[in-house]
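Shown next, in structure tokens, is the structure this report addresses.
Note that the chains are named A, B, C and D in the order they appear, and that numbering of residues resets to 1 at the start of each chain.
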Amino acid sequence: MIKFEDVTKIYPPSTVGLERVTLHIEKGEFVFLVGPSGSGKSTFIRLLIKELEPDRGRVSVGGRDLATLRRWKIPYLRRNIGCVFQDFKLLPNKTALENVMYALLVTGNANHDSKKKALEILSLVGLAHKEDSFPNQMSGGEQQRVSIARAFVNHPPLLIADEPTGNLDPETSMGIMQLLYRINKTGTTVLMATHDREMVDRMRRRVIALEEGKVVRDQKRGGYGED
Amino acid sequence: MGRISFFLKEAFGSLRRNYFMTIAALVTVFLSMVVLGGVLVFVYTTSALLSEVEQKVEITVYLKTDPDPSQEQIDALQAEIQSWKEVKSSTFVSKEEALNRLKEDFKENPEILEGLTGNPLPASFEVSLVDPKTVDTVAARFNGNASVDEVRYGKEIADKLFTFTSQARNFLLGFIVLLGIVAVLLISNTIRLSIFARKREVEIMKLVGATNWFIRWPFIIEGVTVGLFGAVVAVVVVLVLNSVLIGRIRDSLTFMTVPLDAVPYVSVTLILLAVGVVIGAAGSGIGLRRFLKI
Amino acid sequence: MGRISFFLKEAFGSLRRNYFMTIAALVTVFLSMVVLGGVLVFVYTTSALLSEVEQKVEITVYLKTDPDPSQEQIDALQAEIQSWKEVKSSTFVSKEEALNRLKEDFKENPEILEGLTGNPLPASFEVSLVDPKTVDTVAARFNGNASVDEVRYGKEIADKLFTFTSQARNFLLGFIVLLGIVAVLLISNTIRLSIFARKREVEIMKLVGATNWFIRWPFIIEGVTVGLFGAVVAVVVVLVLNSVLIGRIRDSLTFMTVPLDAVPYVSVTLILLAVGVVIGAAGSGIGLRRFLKI
Amino acid sequence: MIKFEDVTKIYPPSTVGLERVTLHIEKGEFVFLVGPSGSGKSTFIRLLIKELEPDRGRVSVGGRDLATLRRWKIPYLRRNIGCVFQDFKLLPNKTALENVMYALLVTGNANHDSKKKALEILSLVGLAHKEDSFPNQMSGGEQQRVSIARAFVNHPPLLIADEPTGNLDPETSMGIMQLLYRINKTGTTVLMATHDREMVDRMRRRVIALEEGKVVRDQKRGGYGED
């Protein structure tokens, strides 16, 4: 599903984002991406949706080399990757419901149940009562859950989440994790950057640890820290 | 929900939610258009006045006096003159009328004309032209005509006048073009500024998989709406102001026929609306470009 | 680091970092100012032309003919006329000169004047005025003068002309005022838009304990800089264009003295700079208000 | 230091932010504010810095009733409250260093060592090397730490932090907590909204738990969940 081959990303002038990262994530895997603050987790994710271009090496998603992907095809790539952004990236002038629906509408084949679908997903993350709230009328955790709902709603084959529980209490986090787990069970590949030690330790899934842009650990059934 | 109705809903929702920027853009469109429209009207009016002045250029054709031409010759000449398509009208001034005019001129000092015996004045045609610029050509046609003694049309003055009016017209045209460019720049500038304030929004749309056109359409509809609406209000203001002002000016200008119908309302309206719509659409479309690159 | 130097650093840093908005604001200021300045120059020039036309209003004072006044009487009258402060100049036209002019007028039909014996024409004074509007008063002074037969100054034409010129002046003044308002609105509109884009920034500043004036000063300095800079460029463009255009117009307008010095460069410059600075400062200050309420 | 008397905040039209909250925090205390997402933690904090006005009841800080505080005095209140915002609230056009210095400069009596002071605090949160980076050139956790540094730099008598470790890995979080602990030791009152169960359980300080805007627990030496 995801293939990084010797990928290096340097932010000008010389900040290392990622350095010589080579890894492979199979379809259907559930992967935690961990590492201290500033270790390159978000950079990894931004390369996957071609928000950034690598300086060296090759990134491919679903068998497609992103370097050779034509500009006009990028939106189609992104529709197949649900992404929860670390800073939520909600549209400020749209309500919770409209934000979630937007991800359905961009595909063009949105039909009459797109609203129903979006509402379903919003209840799933516990925000049915906030459908008409604008982002600046919601708490941090609520915004984060809208971002999660938007990433899910399309049932994309690849789901990426950048610290999706950073603003959530443990109980709500658990709920979200169970949701991710169920989604993964249906065959969706899930990649999640997180700092939640408890969660990683409990799930015992593949853990990729970054440090200063380099992969320092890649464990099939790992914990947050070294075992 | 159809695509078009979605885009429309997006556009109008956004105009409402970003009402501050909508108003700012509307104000800019309106003001630029009022100035542009006002000047358009002014130029049309002035240009009509210039034509009016040009119409004052007439050819006076003095007939021979010794002997005076026969009535047949006069009729033939008149028929010929009136057959020329350059001629708007021609008036025959008989010898008697010429004398009467002279007497009128000197009614304060009738002594001057006391010694006059007979009528030494020539008859004449006063020829006014459709296009005063053809004066040279028309005047030349009288050369060698047996009944014609002399053709006068103030060549020097006419030439100067035409240089002046054509310069004035060029100046006004230049002014309009310049002002048009200014209006276009001002409006597109404002539209781009208001898009700039929504830069983040556009980037987010791209990141969740919207194609460029999916993002662009609502913005273009917004731009067109603002451009059209601002232009409509401006047209109304300009035309109302114009009819009020023209009325007043006409009252004070009794010695000159101000051509009230000189302003082609329809074309002023169309020009303003077209500028509004095109700049609205283009401003949005072009303003977006840099933010769509993500 | 002193306060003022901090504010200056903030302002210029921000102008640089928000270069897109800086350029947009500069363009708006520049364009509005060029139009305003161009029209100012146009109005000054036109107004000077109107004065020129008004100067053509002259009083012609015909002296009695039967008998003609003596040389002493003429001298006395001339001295009196020239002592009036309203009078710019007066020219004496003797009987002989009057006859010569008449002969010149009729050189094509000398027959008309053939019968003339003696010189029935009156001598006259042609009086031009400092302020043509005083024509009524001055003309009235000749009433009852023993040497004067008749005073003519085309009262009707003069009145109409003055109504026209004063209407035209009002119109031009109105135009300038309107355009001034438009420029002010356009500029402050743009400045407010660019502040709007930084709304969040202002709110954050308030939340970390900045006072309103601490936030305001850099914005005001930014506004003044943009206003001043845009106005300076506009002034240069307007004055250069003006001197180029005036040269061309003068060439084509040989029958009328175009007053090249009519445009008071200094006051146009000062007006534009003042408008730029004041609107820049006020636009920033007022535009901020709503975001400082947090 | 902080006194809430029967405070109610309703967001129009009818969302409950806080409901009849009465509590008292002494000078020098260290208080955790916990509760599920949307329970009113951020609302509580926004009332303290007079970003919001209560609909009913009275909020006072340092013996001062905020309702009677004149508009022009609000900045002086805020300078005495260091605040780490949930969404960081960094100035986008200023570097990390400039953002931190700004909190010093607003007080007006900034002198030549304000730069030195700001740099010191930045090293304290591990960001000495990022002084010239703009917010959009930093990772989520780095931005959060700049926000923390800015809140500290004035040595305010009251320090409020709204989920200051949501984007930080456990190690960095621990560092920040130790910093807060040390700051509290010097007499500064610290109020921290958090979802970090581990941290709360380990520190054993006063815990105020909110739920749907109401105080449901106020324990002298509590844990994240009920004991």
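Quick note on the criterion: a contact is a pair of C-beta atoms (placed from the backbone, for glycine too) under 8 Å apart; a residue touches a chain by one contact, two chains touch by 3 or more.
Just so we're clear, the structure is a prediction, and the values are computed from it rather than from any experiment.
Participant: Which chain's centre, taken as the mean of its Cα atoms, is farthest from the centre of chain D?
Facilitator: B
Participant: Can you compute the centre-to-centre distance for chain A and chain D, using the mean CA position of each chain? Integer Å is fine.
Facilitator: Centre separation, chain A to chain D: 28 Å.
Participant: Round to the nearest whole Å and give the separation of the Cα centres of chain A and chain C.
Facilitator: Centre-to-centre distance between chain A and chain C: 67 Å.
Participant: Averaging over Cα atoms per chain, report the distance between chain B and chain C in Å.
Facilitator: 24
Participant: Would you give the residues of chain B that are in contact with at least 2 other chains, written as numbers and ranges?
Facilitator: Touching at least two other chains: none.
Participant: Tell me the shape of the graph of touching chains, choosing from line, ring, star, complete and other.
Facilitator: Shape of the chain contacts: a ring, since each chain touches exactly two and the loop closes.
Participant: Touching pairs of chains, all of them, please.
Facilitator: A-B, A-D, B-C, C-D
Participant: Help me check something: in the complex, which residues belonging to chain D touch chain A?
Facilitator: Residues 11, 15, 34-38, 41-42, 86-87, 133, 137-142, 144-145, 162-163, 166-173, 195, 197-198, 224 of chain D touch chain A in their complex.
Participant: Using the touch definition from the top, list the residues of chain D that touch chain C in their complex.
Facilitator: Against chain C, the touching part of chain D is residues 49, 51, 72, 74-76, 78-79, 83, 85, 89-93, 102-103, 105-108, 110, 112, 150.
Participant: For a test of understanding, state which residues of chain C touch chain D in their complex under the given definition.
Facilitator: Residues of chain C touching chain D: 1, 3, 6, 13-14, 17-18, 200-201, 204-212, 214, 294.
Participant: Would you tell me which residues of chain B are touching chain C in their complex?
Facilitator: Chain B residues touching chain C: 20-21, 24, 27-28, 31-32, 34-35, 38, 102, 109, 111-117, 120-121, 157, 160, 163-164, 167, 171, 175, 179, 182, 185-186, 189-190, 192-194, 196-197, 245, 248-249, 252-255.
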